[in-house]
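Here chain A shows up in two complexes: once beside chain B, once beside chain C.
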Partner chain A sequence: MGFTPEVYKLFEDIVGPENVSDDPAVLDSYAFEVLADLVRPEQSHYMPRPVAVALPGTTEEVQALVRVCNVHRIKVKPLSTGWYHFAAPQSDEHDTLQLDMRRMDRILEIDETNMVAVIEPYVIAAQLQAEVMKLGLNINVTGAGASCSILASACAYAGQGPMAYWMGGNAENLLALEWVTPTGDVVRTGSLGSGAGWFAAEGPGPSVRGVCRGTFGSRGGMGVYTKCAIKLCHRPGTTEWNVHGTTPAYRLPVDDLFRVYTLAVPSWDAWADLYYKIYDNEIGYIFHRQFNLAGANLAPAFWLMYNDHTKTLGDVEWMAQDPAVKELTEEMRISFQFIMAGRSTGDIELQDRVLDALLQQVGGWKVERFCEDDMAEFTNMYLQRLGHKHINYVWAGGYVGTWMQIGTPDWVKNYIPIASAGLERDAADGLLVQCGGDAMMGSGSGFPGGGVTGLEQFVSYDANDLESTRAAVRHMEDAVKDAASHGLPPGKEGLYLELSKTDEQVHAELAAANQPAIFRFQRKIKDAIDPNDIGDRLYATLPPEG
Partner chain B sequence: MGNAIGRAVDARDALAEIVRGEHVSDDPATLAGFTRDHSDELPIPPWFVVRPGDESQVRELVGWANATGTPLVPVSSGPPHFRGDTVPGRPGAVVVDLRRMKAIRRIDRRNKLAVIEPGVTYAQLQPALAAEGLRVVTPLRPRAGKSVIAALLEREPTLVPRYHYAFPEPLRNCGVVWGNGEATYTGEAGYGPPSLDAQWAAGMRQVDPKGPAQTDFVRLLSGAQGTLGIVTWASVKCTLLPETRKVVFVPAHRLEHLIGVCGRLQRLRLGEEVLLASGSLLASLMAPMREADRSELPPWTLVVGLAGRAMFPEECLAVQETDVREVVADLGREHGLEVADGLPGIDSDGMLEILTGVSAEPYWRLADKGDCREVFFNATLDKLPDLVAAALWLAEESGYPAADVGVYIQPQQQGVVHHCEFTLPFDPADADEAAAVRAFHTTAVERLAPAGAYFSRPYGPWANPVYARDGGSTAMLRTIKGVFDPNNVLNPGKLCFR
Partner chain C sequence: MALIDYRPDAMRCTRCSYCKWVPLDLVKSWRYAKGCPSVEHGRFHSYSGGGRLITYLSLLDGRSEVTDRVVDIAFKCQLCGNCDVTCKVCRYDMEPLAAQHEFRFWLVEQGRVPTRYESIIDGYRRRGTMVGDPNTLVGDPQSDGLRWARDLRVKDLNTDRGEVLLHPGCRFSYDGGLGPVARTSLEILQEAGLDVGVLGAGRCCGGRVYHMGYRDDFTTAAEATLAAWEAAGVKTVVTLCADCYHTFKRLYAERGSSVEVVHMVEMVARLLAEGRLEFTEEVPLTVTYHDPCHLGRQGEPYVPWDGVEKKIFGQAVVYDPPRPRYNGAQGIYDAPRDVLRAIPGLELVEMERSREAAWCCGAGGGVREAFPEFNAWTAAERVEEARSTGADAVVSACPWCERNFLDALRGPRGGDGTGVAAPFQDSGVAAAPAGRGVAAPGVTAAADAPFQVFDVLDLVRQALPRKGA
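This part shows the complex of A and B:
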């Protein structure tokens, strides 16, 4: 059992020799993953190397590959565009076939009337958004950015982003789905299975996706999603984008039916109050605390530098000392970005009135400098497209998100000071970027209509410096302890650290969860759906019984 | 015989111990209430009816059912029942009547959330929410005894499509006792301690429906007809109570003429309640109506509610109305569509009462003739005119006058999914009429599914033809059933769990 030359030949027979490889150099390019250095022994940048990589072109090829892997007990790890180490093989002990889905890159259908698009795994957000925008429609581009797979965000990972407040996270936007299960069977969920098209996610009867698309999807641990339908939504205004400006700070003029603001408040209590009032009044289109990812002490200087083509990163330090910038830094210390879109002139004008009234109620204000044309147009481009993911790595080449526990604004506001103090403490030795303790950013709401939010601490480190990388790991561990000491669950760092643990450690943590029965059920589901254990442990379970 | 009596005595004693004496019944009149409903499901009397008072009793009941191999049929709503899902599918079943569990556990104005038990009805919940400035979006004119949780679990369509982000909105988190006796919370609540009081004390609310972990159990429970688990509480998302309201109407001779306008309203998320109704449906809803008014009702009407809430409510409503009129003027011009403030016998206030209240007795679907059958499916908006025409043709073919069929179309999921429903009232004493209705009801799947009708909630006789069309989902659902209810004690005989 396991991978052999004969098995490799079977893979070749399925996808053709040009679409399969076991060349170590090729395989290492799949093992090399962002964040691997935080969880792998000796801070290696490499996750476990797959035994082979195959590029299927159809559902039938995926099905055939999965069936071969069942026979030979080889794990299967699908990868669309990838984002983080979750996309790589997870086990050093088991043979894993990496499925690179990039050949399945077609937008199969855009149904404007019914606001549905049907896509394959390698369709990226930018690609789909560009097509639907021609029709005055839009999609939720997730926090992973415009270059990431829409299908992966909808089926297999988190799926929230700046637009989730109005458009829905992609968990909510997922409609019918084609799923090659770990045994190689094809399940078509919702209306698709009944031959009625792609529009409905649920049924017939119970919703099958309920066993694999939760807070997170199965993260490649429970079969392969080969096609899905995604719900589209309206985008008012012009369908022509007259983008201008100088790279990298491209700008998008603000359409008459849009408003683009950076809003600030005097306290975290006021921040929570304003979030609730925005939810209640149902205003806004894109709602995100974005620019603070550069850190509250440095963000204004950084973004002004970014928008000035005569300046470079090296100018930020002195710019931050400029009295006017220092004043601006204080002005927007607790701030977020807010884009409103009206279905009509009357609607957008009313939203503006409402927003002004809400700001008055909470003592908030519009950050004037960031609402001027240049910065508003830049904000508009940034958040409408979310094409600036390189910024994640801009300070030092490495970034890890911590915290981001999801809850109501009232709940989230309580952990911000803890998270801020923790980063300030952990960055004090200079091994992590010192940008102010608060580098927290995130969606105005991770669920459509508002109600739940979460702020991620943006921790920048040098991924090519061993000491800095180890400091990032220590910070992750500290964040877990800081949260626990305040009765809070772990944040994103807990998910990442899990990858560095043994099966026994992971099982012990799941057994100690508040409701371990959840993971008993996931074990039973896995046993029933994946009897040959070809998925990895990212579909989290307790150990097999007995 | 002696053994059977002995078993019954033992069972009664065991059940009485679990639910405390007076809440177990095998009184024939009580059993008769669960033996049949307004469907064609084979009447089967339950063995007992028990009324648990809390989650621990539900857990004990499920444990007992597993130990004794006794089927349980969970029921949360009061009569009348319509779809056969509360009629035992096996002899010897125990009906778990959850109506004693009717506490409104929490109303949270700031997070616009109510946490309720399964016996809470719309009639009970709405006034309590209104006192806090909230309301929950309802299905169309629910009956007074309709359980909020049961309606949402069964994915009953709700009236405000822009708030319907995804199914089973506005249902968010649940406490569940699964068929194997394990109890968990779903969604965000699944991460916290298994106690609502402890979660509230820690500042946790039950807002996000996804999860926990890789599961989305609330979706798994939806449409399950009580075959996987028994829900003991649920959080339900509410909206602010509007401060100003109005309803406008867009009448049309043909359904096709309204499709473009309806679609545009969904796309713009414009309007509060938005639905399409045939004249006969409106007449049933507004009954009693003067015959002169009834005969003057347009064949089709797009009903659009408008509402202002929070800041500047009057201005908010005015902008909505202007925008609705603009959409109708723009897309309806070709067909001569206009916005009307009323229809014969129906004004804004009258329709508002229908859209925001619960049904008077008798339930409006039964008021016409004493009985009725419903056929409903999901479809996309563009397919509806053909599907409606096919269904009405089938009604005529079955011997039922198409003009008497009430047609109700409810946009869901912000206009991506449309619930399409046909109500056929009939006189149960009229054998010919009853036979015509039954013929329509039983052949609906085979005739309409090939044309694009998606029967997402396959009750009674629809289950076999629906699951025959989808072998992949059927096999997966049976696998899932084996995980959550391995002894098949929960409502056996329903869906594909025969």
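This part shows the complex of A and C:
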């Protein structure tokens, strides 16, 4: 059992020889993944190397490949755009076939009337957004940004982001789904399962959205999602996409029905109050603490540098010392970006008045420099498309998000000092980027209408520097301890660190989780749907019973 | 630089895949979002800018060996630079395009090149030009490369001295099918009163062999050309070819040349702005302009740099002194458009992928010479995009682009081009309500409607006052 030349020939027969490879260099381009260096032995940048990579073009080809893998006990790991170590094979002990879904890249349907799009795995957010915007519609582009697969965000990951406040997270926006299960069966969920079309996730037809997604999302660990329908939302304003400006800081004119602001407050208490008031008053369209990813000490200098194409990263050093920039840095130390959209001129004007009143109530203000035309258009571009997410890595090619526990603003504000102190402490030796303890970024709300939020600490390290990389690992471990010492669960770093642990360690942690019944139930699902264990442990379960 | 010098770039690659798309802010449709011909054709991640970084990291790490597939990965790429632009939307510490050049140099030194390369480079060494490969290239290197200047009085800078050199490049010298662009250019320069001369046929800039990975052959060509320029007292080179432009502007400058390099479209734009040139004749066409990679995103001026990496704020990676940032921001985009807009009766419409986000014509990086099917595939995709604008013609400022588009439309031997299908015609956006802004169904490059290909200078010639009028 396992991978052999005969099995490779079977793969070739299914997808054609031009769509399968076992060349080691090709395979390494799939094994190499960001964040691998934080969880792999000796800080290797490579996850386990797949035995082959195949590029299926149809659901039938996926099905055939999966069935061959069942016969030969080869694990199957699909990726669409493939950013993060979750997308790579997870096991050194087992053979894994990597499925690169790039040939399945079509938008199959845009149903304008019912506000539904049907897509394949390799449709990225930028593509779908561009098409639906022509119809006055929009999608939720997730926090991972416009380069990422909408299908993957909806079916296999959390799917939240700055636009979820208006449009909902993509886990919620997932409608009917076509799923090749780990045994190679094709399951069509929701309305699709009863031949009624793509419009509903929960019926009439099998309602298995929760089963295939798991709690957070199966991250490619539970079969292959080959098509899905995603909910679209109304987008006010123009249907034109009149981008202008010089690379890299492209700009999008602010439509008459939109407002684009960077807002600041004097304290974290005021920050939480303002979030609640925004939720309660039902204003806003895109809601995000975005620019602080560069760190509260450096963010203004960084973004002003970025908006001048004649400058480079090194200019931030002297720009941060400019008295005017220093003043700006203090002015926007606790700030976030806020875009409002009105359904009419009266609506947007009312939202403006409401926002002004809310700012007055909490002692907040609009950051004038970042609300001027150039920066407003840049902010508008950045957040409407989320096409600059790779800038997370701008300092040195290495970034890991820590914290990001989700809760009410009051709950979140309480861990900000802990997270900030932790980064200041861990960066003091110069092995992490020193941009101020508060490099916390996150969506105003992960759910439509608000209610809960979360902030992620942006920890930047040099991915080409072993000591810096090790410092990032230490920081992740420290963040878990810092959180635990305050009675808090692990944040994103906990998810990442999971990949460095043995199956036994992971199972023990899941058994000790607050709600282990979830993982016991998912074990039953796994046993039923993946009896040959060709998925991986990213579909979280307790160990097999007995 | 050596390949090992780009190891940090590979280690800092995050596999974000931005390099596969046009800058994401510029995506306006499903259909024209993709930016990298190589990965769209080769499909596996290794064929992308980031994928190549990882491929040679794997080689350097001893995890894999140079196989035929690796050679294919390294050379089946036009080096168009889209990956460089999109990577640098977010990064200041990555040089994916420069790394790819170094990857090729490294493989050429080991003798690991595509099968066709040996005959191509042999032909180049014998003929002194890339034009004229009997299998793939249109053009006749045996012809008189100066026949376009016949009947014109012009200085021969082989024997005379002059400050301005008109360099038509191999393709305009030998590819008679491209029209009288060189002759028109010479006339314009002379009528503007410039002291212009030519250096005669057979002087290849060497850019194409550089892109194929033959650095030594390029150096030989560059040194000979620079010596000829110096002997003739050349201060300014005006070229008609985007490839030559890039070679002179960037690669020669890197080797110490201080000669001013101007593309002819820049010169025409300059003469128009100064009132020294006037268009009087209507050219009733709707056209779309194709930005050549080597004039557009790679057409930025050379900035000398001899520095080192250093860290600020603990670990932020910067360079001392600041490293020049070639990201397409300062390419030559406006001059050709200004010229076209100045032509009476002509309407300019834009393709979705334009300026720094332009899809490559397919000809660069040795692809036209070594991978004719991939070359034609890439060109067909661009022709399809050009046609989707509703234009009557696609216009470029590079004879390699022009030749590639002509071949995509009519076949390299003047046929009907039916062997060339647009790459993405079988997939796309479907079932949306008609007439609501969704991309039109795919058509092949050889569809019925007549579609034309021009150089900007072709249209300039038509717009100039009639002689004797």
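Quick notes on this structure:
Basically, the second predicted complex is superposed on the first by the 541 of 546 C-alpha atoms of A that agree within 3 Å, B and C clash if a C-alpha of one lies under 4 Å from a C-alpha of the other, contacts with A are read in each partner's own complex, and residues count from 1 in each chain.
Please note the rule applied: contacts are C-beta pairs under 8 Å (C-beta built on N, C-alpha and C of every residue); 3 or more make two chains touch, one makes a residue touch a chain.
This structure is a prediction, so every number in the text was calculated from the model and none was measured.
Of the two partner chains placed around the shared chain by superposition, chain B is the only one that A:Gly168 touches, whereas chain C remains out of contact.
By the touch criterion defined above, A:Gly314 reaches chain C but does not reach chain B.
Applying the stated contact rule after C-alpha superposition, one finds that A:Asp347 touches chain B and leaves chain C untouched. In the superposed model, A:His507 makes contact with neither chain B nor chain C. In the superposition on chain A, no contact is made by A:Arg537 with either chain B or chain C.
By the touch criterion stated above, A:Arg40 is placed in contact with neither chain B nor chain C. In the superposed pair of complexes, A:Arg188 makes contact with chain B only, with no contact to chain C. Shared interface residues of chain A, touching chain B in one complex and chain C in the other, are 111. Looking at the complex, you find that chain B touches chain A at residues 110-113, 155, 163, 165-168, 178, 182-185, 188, 190-194, 202-205, 207-225, 227-228, 237, 240, 263, 266-270, 309-312, 315-316, 319, 322-323, 326, 378-382, 413-417, 449-450, 452-458, 463, 466-467, 469-470, 472-473, 475-477, 479-480, 482-484, 495-496. Of all residues in chain C, those touching chain A in their complex are 7-8, 11-18, 21, 23-30, 33, 43-46, 51, 54-55, 57-59, 63-65, 67, 69-70, 73, 85, 87-94, 311-320, 322-323, 325, 327-330, 356, 427-433, 436-438.
Within the complex formed with chain C, the residues of chain A that make contact are 18-19, 21, 23-26, 28-30, 32-34, 45-46, 53, 55, 81-83, 100, 102-103, 105-112, 123-124, 126-131, 134-135, 145-147, 239, 241, 243, 246-248, 250, 252, 298, 309, 312-317, 381, 385, 387-391, 393-398, 427, 430-435, 460-465, 468.
Contact residues of chain A toward chain B in the complex are 111, 113-116, 168, 171-173, 175, 181, 185-191, 193-197, 199-219, 221-222, 231, 233-234, 276-277, 279-282, 343-344, 346-347, 350, 353-354, 357-358, 406-408, 410-411, 414, 446-449, 451-452, 487, 489, 513-515, 517-522, 524-525, 528-529, 539-540.
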